[in-house]
Amino acid sequence: MEILLLQIFIPLIAAAVMLIAGKSARSLAGVLSLLPLAVTAYMYVNFVPDASIQYLVNLPWVPQFGINFKAGVDGISMILLILTNLLIPIIILSSFKHEIKNQSAFYALIFFMQSGLLLVFTALDGFLFYVGWEIALIPIYFICALWGGQNRIQVNLKFFIYTIAGSLIMLLAIIYLHLQTPNNSYDIAEFYKLNLDSSTQGWIFWAFFLAFAIKMPVFPFHTWQPDTYTEAPTAGTMLLSGIMLKMGIYGVIRWLIPVAPLGFHDWGLTALVLSIIGVVYASIIAFTQNDIKRLIAYSSIAHVGLISAGIFAWNMQGLQGAMIQMLNHGINVVGMFFVADIIIRRMGTRELDQLGGIAKPAPKLAIAFLIIVLGTVALPLTNGFIGEFLLLMGVYNYNIYFAALAGLTIILGAVYMLRMYQKVMLGVTNERTTIFSDIDTTEKSVLLIVSVLIIVIGIYPQPILHISEAAISNLLEQVNQKILVQ
Amino acid sequence: MENVTQALQGVPLNHYILLSAIIFAIGVIGVLIRRNAIVIFMSIELMLNAVNLLLTAFSVHHNDASGQIFVFFIMALAAAEVAVGLAIIVMIFRNTNSTDVNILNKLKW
Amino acid sequence: MSSLITLSILAILVLYLGLYKAKNALLPATLLGLAGALVLAVLEWNGGAQPIYSGMMLFDNFAIAFTTICIFSTMLILLISKDYFESISEHVAEYYTLILFSLAGILVMVSYHNLTMLFIGVEIMSVSLYILAGIRKDDFKSNEAALKYFLMGAFSTGFLLFGITLLYGATGTFDLTQIRDYVIANPTGISPLFYTGITLLIIGLCFKVGAAPFHFWTPDVYEGSPTLITAFMSTVVKTAGFAAFLRLFLMCFAPLHDFWMPALLVISLLTLFVGNVTALYQHSFKRMLAFSSISHVGYMLFAIVALGVNSSNSVFIYATAYSIASIVAFAVLILVKRQTGADNFDSFNGLAKKNPFIAFTLTVAMLSLAGIPLTAGFIGKFMMFSTALAEYHIWLVILAVLNAVIGIFYYLRVIVAMYFKGAERNEIQSSSYFNFVLGFSALITVVIGVYPGFISSLF
Amino acid sequence: MSISLFYFVAFLSIFFALLVIFAKNPVHSVLYLIVTFFTFTIHYILLNAQFLAIVNFIVYMGAIMVLFLFVLMLLNLNESQGTSKSAIVKMIGVIAGMCLVITLVGSLKALHVSDPLVLQTQDLGLVKNLGKVLFSKFLLPFEVSSLLLLSAMVGAVLLAKKDIKQA
Amino acid sequence: MINLVWLVPLFPLIGFLINGLGRNTLSKSVIGLTGCLAVLASFIVSLGIFIELNASNTKSFIVPLFDWISAGTVKIPFSFMVDPLSALMLLIVTGIGFLIHLYSTGYMSHDAGFGKFFSYLNLFIFFMLLLVLGSNYVIMFIGWEGVGLCSYLLIGFWYTNSSYASAAKKAFIMNRIGDLGFLIAVFLIFTTFNSVEFAVIFPQAASMLAGDRALIIITSLLFVGAIGKSAQLPLFTWLPDAMAGPTPVSALIHAATMVTAGIYMIARSNILFTLAPQTLHVIAIVGLATLLLAATIAVTQNDIKKVLAYSTVSQLGYMFLGLGVGAYTGAFFHVITHAFFKALLFLGAGSVIHAMSNEQDMRNMGGLKKKLPVTFLTMMIGTIAIAGLPPFSGFFSKDEILAHVYEHNQLFWVLGVIGAVFTSFYMFRMMFLTFNGSFRGTTAQEHHLHESPSSMTIPLIVLAVLSVIGGFIGIPEIFGGGHWLQNFLSPVFAVSAGKMPHLTLDHSTEFILMAVSVAGALGAMLFAYQKYVKKGEVPAEDRIERGTLARLSYNKYYIDEIYASLITRPLDSLSGFFHKVVDKKGIDGLVNGFGKGAIEASKSFRLLQSGMVGFYIFMMVFGIVALLVYSMYKI
């Protein structure tokens, strides 16, 4: 039995189990969510951190179109597997506090989405990648639209259509590449080998970039995101921000740049500039947001902008920074939204103006929140610092002025994050917040996991950096060579 | 019959095409300008007959009988269509007391 | 051929059954006969690639595949016809007979090898449909649908015939092989008659499949006809139309690609936009489906625009996916309309709570129509895009993608209504026939979506 | 003389066809249509398609047109129903029809088949010959078209008959 | 002992963890004991290290711990560096840190957040030690940001007061501005030297030419970092606001240790700065400007801690002035002495505030001399020290700086002396207002007046002693001293010293300079005495109109207001603009516009479907004609 198939299909089976689970769905979901994590742990233990692709699965799927079920794990994928399978249990655990209507469907959708995500992160076949890409989208649409807030229908419609518009364009590029391969294959290795002229690569670059940029989202394709994050149920927001947007980042690393290196050469700067504009722009908008989820949403745009900038700087530091920051951002943003959820659930409001002084009745929450905030503002010895340091260094190696601009996130991030922390936690309690009860065991365990991860990665990031190092440097070399030849 | 067939000699095929085209177009004009379903239907018959004539001409031109056979089938169709079409018109007349096609515009947008 | 004979006999048999008031035997007999025809058709697979009956018919795999899917779809539709026709009038047997006649015509359409047969097939199908559209005799809408369909259909037949005539004028034959030989033998000196004939044939066929600007009948007729007949028209008939279209162009006109391609390109784009854009602002689910069917015609035309080895495959898969999904949609529509008496989007509100199964199958169908992966519809779209891209119609495909996005918008509307909008409603009682059709269709949609291999390489 | 016969008949065909569509009274239209069909019969005779001429005469002029008349009478339609469209619509219709002719002919203008039509086989359109072809090569379509007629018959009865339910 | 250097930060970390986790369960005495012992243990180890280093021939040790970050060519080890500079700094941090911990056990004894306070303090010590010990810029940066965090936490210690919380936020953000400069400097250092390790960089830098562009940029950016951390113009306004924190915090973080991190960092990177004379010049000017500005503000402040805060800013300005003229030793000397007397002054002020039931306005004090004798005495020593009167510690360090300044630029010296005069004036003003005259507070306060407990006075006494004798570690040659400090630090500054012009002042000039500054300070003291003791003046109430200069000074030159209108408010409105106009109306409007456009198109498209057969057929004919036209041309 191929372990990777197990990894991908266990969630699918779990989804099926959920559908028939009925009342016990909740606890069952908690247990089942650990299985993929266990598989990942096994894979991680047996993973050799070199540039090779391991646990390769290559089954014919629709051979006459050159479509194979080809998937494998290298260092880049490994990190994302860890991210996905680590966060899903946390997200499921975090949803325990909610009274979810029709919970078996809810958890089934989450597991279904997990399968899609894992497919995206391991696919080595263009068609498979696209399929996974869309599979991940459908469940999250339903999660957000079924269990979301007031305007969920409108907002999610926009989100769905927006993202799918981008991905359809990407599909065109994939098909086009497929048609260019000598033996009409969807294999990514064949795509890498193609030598298309730079104008063709230019539009392929944009076709892919559009899909990824919308998913991440990069300025100016971001407007779906704050609304969606705000309206989605917390688990949905966590899935979206914690894992789903990494699909876009991963796509850039795995597909966009290696497949269209000349396109990247011509247009990478534009993408980089957009990313950096996004960093500053979203940060500034976050300054005055009064809705806690919206504020986090904008902060996420800023952070993802930095990750994207690091990638488009296309050097070791930027890429490694992006790799580790994907993990970090996932952890931090999930923690952040979880705290937001705790507050929203107890207070019934997302307005910062109506909160305040929660640190007094809920000191434990305050500490956890502080750690998460610090991780988000990239304080040294938290995970965020490792990522942002490397990312900024990567951008710096590209251009010092860009680094200075992107580096503003260090200041601006502190401004809006601390503002939020102050507005929520500090100050005097008002009549709403005095009765705030501190976190209970479930919440505590989620926050403990998140906090510990934030600090442990911040103190000792080397094991994670090590996973992707060889793969990244290999990729880097491959692409640079292609650009150089030109 | 001998002398009749002699008459054929000399008429260019083009003129048959032209004649058919004109009749066909007259049929189309009829469909366009009339509101009475039955007259529209008659115009369509005109179009079919134009085709028939042209087919026969081509059949003669190619010295091939299948063209004329085809005309035969078209006539069969015309008969069938007339039966069905008139039945529909009668049915509608029962309901609306009219054969004006413009009265029927409940289905739109 | 044997399936055609079976169908003809079956039709008459059913007529007699009606005569002897054996009402309960009608549906089983029909289904049984159809199943027999299906089996007979499948048995001929890889049987003969030679035209038979003096070159009138050619039962190649193309014909058999489309025969199969047409019969199969018809069976699904008839399965949900239980109690449907009874509610219209007493002449149930005649309705079955007409459907079977129509199907016989369709079988002729997908396997013709002579323009005579094409013409006769088209007409058998159409004449039956004119009648079927109007079987709700006391319903104004049904009347209107029948009249519109009839007048415009007859009108377009004129053009089809004119086109055939001109082809005959140029080649002196109705036989497809000979026409192809004519094209190949005269690479330069092809008669203008021939070209104009092609143009007129395009017009006639575009009308039959409902491509813009010859699509105007579609929404009105689809809306006005009894839903079951609409289901038949928008699935089986459309599939057959495309099979006929494709067969002609694939066999005869492929070398003249440069002549007709731009025209069809424009038509297909126009169709896409008209269908999709108009569908956006519909309140009636049924009418939305009508417009969406127009847009699907636009996608299917891709296969003809980018005519190539994959075209038949693409059209086949697309038509299959589209038919099955549409059948689900219409089946649910029948159920909903039976309960609420309306066919607008609002009457679907809250369906998911009361009838999760029905809602789920309709969701699968809608996702399939929208072209979301792991459904058959995606494979269909995917193949269409591949086919078109292979011929470097990049802009066409990009515009098509734009349309696909618009399409998603209105397909989601019904999902939104079912899942996200609440309404006071009771559970819909659906018979096991319905449940079977819904479940089975959804299953097929997903199976094709997950593993398209088994129908994607038929030709 | 014989050539001019064709042109004369052709002129009559067009003339009566025009009368069909422009006659105010539907009954007149039917009558003009019958005349038009008669001119077609003459054309068939000119083309030595005797069988078609007879069929045209019997089926069209006889059966079909009588059916038309019959329905018209049955529905008791006359011009008073004002079933004609406004002048503008008519103008547009005529212009569109003209355009159609022009383009149709125009697209055939490069036609080199201007050679006179010559009847190569005298008995091409005779019953004997046609029968042979019809029942050999075209046997299948002939048989299949029975389906067409049958379905039309069933349909016509179905639609035109008054429903028992309603009665 | 040096190999055990990791113990030094470890103890406070353990202390932090114990106190942090047990903040609610452990008793106050245990907490206090843990907190103090942790720092004391560090101090003892530091002392051992210091002794060992003093005895050793090698003056620089690197203790690697583990690989921290490596990405491609970037390899950043987690390792510590022990050399005279860090060893001395260790002693200051842990020594003064211990005293302040001790003091806090008394000062904070009634506070509910006792455990939290000690855990934060320990955490601060931990980060400060990381900053000091880091063997490369990145580890230093960890500490650098970490102390910023602790500063944030401790300023906002009483978080329920939202202006305190805002002050904390302000401090963090202003520090962050500097940190960005620091960070970019680190990147530039890495690209220039291919390493961030001090031991690798400095030898390489030594071989570079003075005025190298890269060096100038690096040093400028580092200096930006130092500006933020050490509260120089234009980023100094956070420091006075930081007085919102508990007074021991002000003493430890915002006077003795953290704020001197900038000086430490520049001293650490002295070779880079030496080779970037332009930057040094800027540093000198900034330092000078800051010292004058802060000194003039301090003159009119009425909050006892605010006076000390501005005085700190001003003294930091001296240190930067010293650095700017290349007097690294002098600047560092001043760091040490300043740590002694400023910690002392703050703790003394804390003692006063403690006694006055948290009253901080000097206008409500007066005549406390008798009630708080120990506090008065020790604070007077501190004041004399800071005023630069011999032979107290401040005199030596300040005059060493001023001597270098004189040699460098005489105008700077004049301004520096003016600053010293102001210093003397406002310090004595503070002393006289607080301790002389009659009590001006409420009767309840008067009733409550008492000398602080011994846990608070002992640190005061120790620091007072240090303030007196601290100067003797750096007695200049003219007093026959060997300047032990200079010798001890010489390995650190050796290369720089080689590249700098040597001090060439003759002794007479030096004496004159000292005399002038001492005279100035004495004069200012006498003036203050005249004004506040003899005449018994009390500063005016807030509502009283002031003269222009006084108003400017009293309102801190409106710098906060200027920042608000130049930066904060424009940014906020920009935020609103981006959000409401660009995002909502612009981009989102465009996106929605597509949807709306499609719907609108749909609305009009559907009208084509008019329901009229005639129209349909007309459209069909239109299409047919179009197609025929097409084929007409195509044939």
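Every chain is named by a letter (A, B, C, D and E) in the order it is written, and numbering of its residues begins at 1.
Note that in this section contacts are C-beta pairs under 8 Å (C-beta built on N, C-alpha and C of every residue); 3 or more make two chains touch, one makes a residue touch a chain.
In UniProt terms, the chains line up like this: A = NADH-quinone oxidoreductase subunit M; B = NADH-quinone oxidoreductase subunit K; C = NADH-quinone oxidoreductase subunit N; D = NADH-quinone oxidoreductase subunit J; E = NADH-quinone oxidoreductase subunit L.
Keep in mind it's a predicted model, so treat the numbers as computed, not measured.
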Review point. Which chains, if any, touch chain C and chain E both?
Key: A, B, D
Exercise for review: Work out the mean Cα position per chain and let me know which chain is farthest from chain A.
Suggested key: D
Review point. Comparing centres built from CA atoms, which chain ends up most distant from chain B?
Key: E
Review point. So which chain ends up in the middle if you average the CA atoms?
Key: A
Study note, to complete from the structure: One chain pair leads in contact pairs, namely B-D
Revision key, fill the gap. Taking each chain's mean CA coordinate, chain B and chain C are separated, in whole Å, by 27
Point to revise | Rounded Å distance, chain B centre to chain E centre (Cα mean) | key: 98
Review point. Rounded to the nearest whole Å, what is the centre-to-centre distance of chain B and chain D, using the mean of the C-alpha atoms as each centre?
Key: 4
Review point. From the C-alpha centre of chain C to that of chain D, how far is it in Å?
Key: 31
Practice item. Check each residue of chain A and list the ones that touch at least two other chains. Key: 161
Practice item. Can you tell me which residues of chain D touch two or more of the remaining chains? Key: 85, 89, 92-93, 96-97, 100, 104, 107-111, 113, 137-138, 141, 145, 148, 151-152, 155-156, 158-159
**Study point:** chain E residues counted as touching two or more neighbouring chains
**Key:** 595, 606, 609, 611, 613-614, 617-618, 621-622, 624, 628, 631, 635
Review point. What are the touching chain pairs in this one?
Key: A-C, A-E, B-C, B-D, B-E, C-D, C-E, D-E
Practice item. Using the touch definition up top, name the residues of chain B that touch chain D in the complex. Key: 1, 3-19, 21-30, 32-36, 38-39, 41-43, 45-46, 49, 52-53, 56-57, 59-61, 63, 65-66, 68-69, 71-73, 75-84, 86-91, 93-94, 98-100
Check your understanding: Can you name the residues of chain C that touch chain A in the complex?
Key -> 367, 372-374, 378, 382-383, 385-386, 389-390, 394, 397-398, 401-402, 404-405, 408-409, 412, 416, 419-421, 451-453, 456-457
Practice item. Under the touch definition given earlier, write down the residues of chain C that touch chain E in their complex. Key: 147-148, 151-152, 155-156, 159, 192, 195-196, 198-199, 202-203, 207, 212-214, 216-217, 219-220, 259, 262-263, 274, 277-282, 406, 409
Review point. Residues of chain A touching chain C in their complex?
Key: 61-65, 127, 130-131, 133-135, 138, 142, 145-146, 152-153, 157, 160-161, 164-165, 168-169, 171-172, 175-176, 178-179
Study note, to complete from the structure: Listed in rising order, chain E residues that touch chain D in their complex are 614, 618, 621-622, 624-625, 628-629, 631-632, 635
